[in-house]
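Below is one structure, written out as structure tokens, with a few remarks after it.
Chain lettering (A, B, C, D and E) follows the sequence in which the chains are written, and residue indices restart at 1 in each chain.
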């Protein structure tokens, strides 16, 4: 049996059905990431697991025990909040030891545990400071430390990095990954940033409007999205999705006929720009973003389709130039009128 | 003569010399980005130009006029603040028209100008709302709109995107780029996010500790950084910089002998992982980040040097695997003990 | 922006306040060193520190200082503690919360004299007062509040007036309590009392500071309530410094001694201020 | 048109005058009256501050028998000269003396009072005791013991206990006087620790403790009046003015059961009952002396008394000022306390009210500026003694110290 | 949560809250009741809860003293001193909040400390000053005194309020070409309306209830409602009902006003205590 089992979990806010019967099995030690657009219910689902909201339907089992109606203080989970929710008047040490203190753990043991966690998180020198004397990244680490110290059965993270700036976010992401590898703790992580999802997750759960769209490893989702929604949600820059009508040159993908009202999905890396006149389609360069190692080129085809191409080299092109677009139809995805995948190129 | 000319501009806060004699010439229509680590004086420099702080030394000339001691209301510049600084009690329309109203512009003309700006920024439907009824991205656009409407001589932006979430940031970045292309306005843009700097700037000014480290186009900075600081500041993931002693296999770069106490800089894309036993150095895989289109692999060499390699393909490697590292010494940078560039590989 | 403008803007308030303070102060200092009794205009002349000596050696002086501090301390304590409890009680919605708020706030708008008269006559009168009736109803002997517990009675009266103020500020403060912190503590296993101890109270520290500060300003010179109810007695049991000065200024018409007393009160206020504002100021600066 | 600002105390008679003053304004269309009606203590502070700083806010002041001689001597008040029609000789001599300095009248009495015993005839009868017309304190104590019946809500005796020189000290001074004591001896030394004081205060505390209502130390005129009207007091010694209230069936449940006698005496009858008048005066330097004197003479004239009688009945006229009032048969009929009141007033002599010779004027006070403060402090001490917060000796000792300080400060002696 | 909000704890809480409220409000309610009793009913034992209300007391009060004059004085003095106070306090608070100098905090503390001297101590000097300048018993005199004694609190409240306004908004307006006046008129003033309102409300209440100075510096012309009370606590005769009626009339307007404005008042009363 799985470690954490959600069966038909539902949540209503008034009339509004926010979580629509979620079934999900999470294994011990797994790192599961919930992604999805804003308002899709990621936080709510996490809070249901945490016991911060009451579950209106279905059940929740942790380690073989039914915890559907247990108060959160009894569930033995730890949560890291988006705003960190550090106790502002307590020192870092007090913040980290608060739960243990409430549980009447022996002070010597508390000190030991906190020191160990602080060591892991590089917080040893800051134990006496209060949160407002810390930088964003340090606060973040304290919030994590507060969770680690308790050695809970499951770690819950609700967008823990969204308050950090880009540089720090990248750095902390790596720290979290390492931490998970070292501690091997079961972790559920909410984010709407798909880079985080891709790099951290063992499995990614894509949510939309209170239901699960797809569950799988990051690369599964990248390569074999179940529908247009997942396809566009995963990967940056987004997958190019163009109405089939605008790309008449592509007729079959993996042996499947392109449906009339469907659309074709192309990752930026499966588009190559060639000399004007060559390639499947003709286009004009709209914008060039040279990032050093890679270059993103935004083009508009004669049919009005907007495409982004990713290059791993510099380009000689300039805005306004005419180019030909070569399409790697083998790597394309086909969606029907409802956005469901009909076929996907082999990768 | 240049359009905006800074000559030996200085700023003291109490005893603290925050801006240490900046000389910079900005041409009309140019998009200049200031980057640098937190606290290096980016905002201060911008505020000096804006007239929000008094200049303690040097002079400032705009369009041939000395504006060193003019109050900001007379300088004919427009600024977009990090926090947007929208007037919370005014509607979007009023926010955007405020400056014109103060200048006693004819209401009909005001309406016309605001409508045009709103149109460009997709704000037409929100003109009657107040800022708190808008999303972050929309507020951002209003702040920009407020600047556009005035058609000022120079646009100043102080980290305008840092309050937005990742997705929105990418999107707005592209909008700003397009806007600049359409309006052709002289723009000074402060950020500490180097992706923004790379994609937006005609020229990037790298600041450090109140002084200019280097000025150049984004790719100039990427390819020919003047020193280790700039090299590591530009590009993501950071350039690998390894003490020369830890990479004995690299002895000369572009014909220059590697200095004993210097270090070697390698962009992630100039490192290739090969089978164990092959390549210049042997290493162990520490972490793998598969982002779909590209893969980042963090390795530690036998000498203890930490390196990141960027792959444009998937990898079969897993954490802990032994690999050989092939180094493209032709693309390497050489720094002396003080971090100055001694030689750079041709690219 | 040059320095002139802020000064020009501050000037009207600072200058008028300065005059309002300095002119009476200089006059007070002047009066305090001369013989100046309104009833004996024929006696005058410089007498040095005699007025101070007279004021300070008043047999009631020590009691008055003690009573001032006691009144200040108790009212602050009562209003802060009860205010906190009430604020916590009505923090979450319940039927009629709006009305409760309005009723609770009312005493704050009552003028001190009315407040004192109301308590003295209608509540605390040992024969007709409502409290006496309540005591009798429960078979007790009515308490003669103003005689037997004069200072305590004054404390009750003043507290009643200031409780709404404290409650109001605390309610507002509680409403800004960070929900996520509360949730975090729930996950950490804290029960309500522990949340109270470790989260609510520390969160309210700043508002407590504000309440203490404002109340101190007003309570140091409580006068109307004492004058109307106990007249400072029995004996000097409920005489505070302000009342002692009143005795000199308006019963004795000795402006000299009254001025000396007022100066002393200023000193006392400043000691209290230094003591409290420093303590509280830390919280205010956050 | 002249506008007169009249400061007055908010007692019933004054409020009546305020109402009736419309008649005055009609008769004198060039004079307008503005009223400042204040509670006694506040009024005293206000007029004193004003007159002492020459504030000039009031054109007519209501002051008492305490202030008049002091202020008159200082020349702060306008001497009042009246015409024949006003008939100054009709004013009771005790009153006239009390409001004059060296034969010059500085205020005219609006109403006056002394103190007397008001007892419940029904209860005394039931106890089988006949109260003498001039009882002694020993008699009173015995009677109080007899009729004291707290179970049925009747207390033997009610006396003032609320601190204040015009409150408990007014009564206590008469008690001390009749016990042969005084405030100051001829060299202005306070006598608060003398035997008469000790005897009196011990007697008083003892009496009220045994036969008084609870909370006596907070009772003054009003509180006791309310108790008396509810039928809770067997006896009451207080201002004669009370008589008109407790005999008024509209307020009093015992209106038909009260009887009157002179204030009790002990060692000497001297100063056993007090003398007080609320009078109208004009500050010197006033620019509206003519209009003001027109008003004060109107308000204290015989015609005014008749006007009140006509409007409200004879039972409600201001008393204690004029012989003619007491001579009026209608008044005698309406006020059964008239005789007792007149006798009490006549027997009081502010200039000679103590057994040993005293340097001051006043029965229940000493007309010197320092007395207010001394009286207030001593009043507090006595109230503390009554409440049992202090022993009588300690309270008297503290009083003596305070009084000496005050007198020394004022320069009476080194 | 949805299951049943009427848990025992919830009911208990509601009950206790109402109980506490009623106890605390009782004295005031009793005052109002007493105002409608006759004097004998007012002191009856046991106290009457049910009785035939009478308006007699209000008539008496009105007959005896011109209520409208006092009310008018109260209204004029408190409104005028509030307005004047805001005019003085606002610029000062603005300067302190946006041009913070080395001594800003000290000036603020000093201002507050001026409020700690007992008014009685300054009575004689102030009385003499008022008299020499001819301000005794004038509304102008009272307005000046009220304004000055409330000024420190006003400056402090406005300061805490203004401090919360981001400097960047003002800078933005300067960049937009605003002069000091237009910055004030179009940006600062609208943004501080809330703070001004609640500061004004508090000052209004404090001025309305000010008793010491109004009693001592006014006589027949400028007396406010606070002085009206002083004529109803008579040492002769029964007066509770009349006193209650007079008190009711004196505090009625401000209490009702307070009820209506309490939301607004609370917002600014926090002195920046709540972030």
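Heads up, the rule we're going with is that a residue touches a chain if its C-beta (ideal position, glycine included) is under 8 Å from a C-beta of that chain, and two chains touch if they have at least 3 such contacts.
None of these values were measured; they are calculated from a predicted model.
Novice: Check every other chain and keep only those touching both chain A and chain E; list them.
Specialist: B, C
Novice: Hey, what chains does chain C share as contacts with chain D?
Specialist: E
Novice: By raw count of C-beta pairs in contact, what's the busiest chain pair here?
Specialist: Chains joined by the most C-beta contact pairs: C-E.
Novice: Taking each chain's centre as the mean of its CA atoms, which one is farthest from the centre of chain A?
Specialist: Looking at centroid distances, D is the chain farthest away.
Novice: How big is the gap, in whole Å, between where the Cα atoms of chain A centre and where those of chain C centre?
Specialist: Result: the chain centres lie 57 Å from each other.
Novice: In whole angstrom, what separates the CA-based centres of chain D and chain E?
Specialist: 39
Novice: Averaging over Cα atoms per chain, report the distance between chain A and chain D in Å.
Specialist: 92
Novice: Two or more other chains touching the same residue: where does that happen in chain E?
Specialist: Within chain E, residues 43, 45, 123-124, 128, 230, 233 contact more than one other chain.
Novice: Where in chain C do residues touch two or more other chains at once?
Specialist: As it turns out, chain C has residues touching two or more other chains at 38, 127-128, 250.
Novice: Of all residues in chain B, which are in touch with two or more distinct other chains?
Specialist: none
Novice: Which of the residues in chain C come into contact with chain D in the complex?
Specialist: 37-41, 43, 54, 57-59, 125-128, 141-142, 144, 146-148, 231-237, 247-248, 250-254, 257
Novice: Can you check the complex and tell me which residues of chain D touch chain C?
Specialist: 45, 48-49, 52-53, 70, 74, 162-164, 213-215, 217-218, 223, 226-227, 369-370, 372-373, 376-377, 379-381, 383-384, 386-387, 389-390, 395, 398, 401-402, 405-406, 409-411
Novice: So in the complex, the part of chain D that touches chain E is made up of which residues?
Specialist: Touch list, chain D to chain E: 5, 7, 10-12, 15, 18-19, 34-40, 42, 45-46, 49, 53-58, 167, 220-222, 225-226, 230, 241, 245, 251.
Novice: Applying the document's contact rule, which stretches of chain E touch chain B when the two form their complex?
Specialist: Per the touch definition, chain E meets chain B at residues 166, 168-169, 171-179, 182, 186-187, 190-191.
Novice: Once bound in the complex, which stretches of chain E touch chain D?
Specialist: The contact residues of chain E facing chain D are 39-40, 43, 45, 63-65, 123-124, 127-128, 131, 136-137, 215-216, 219-221, 223, 227, 230-239.
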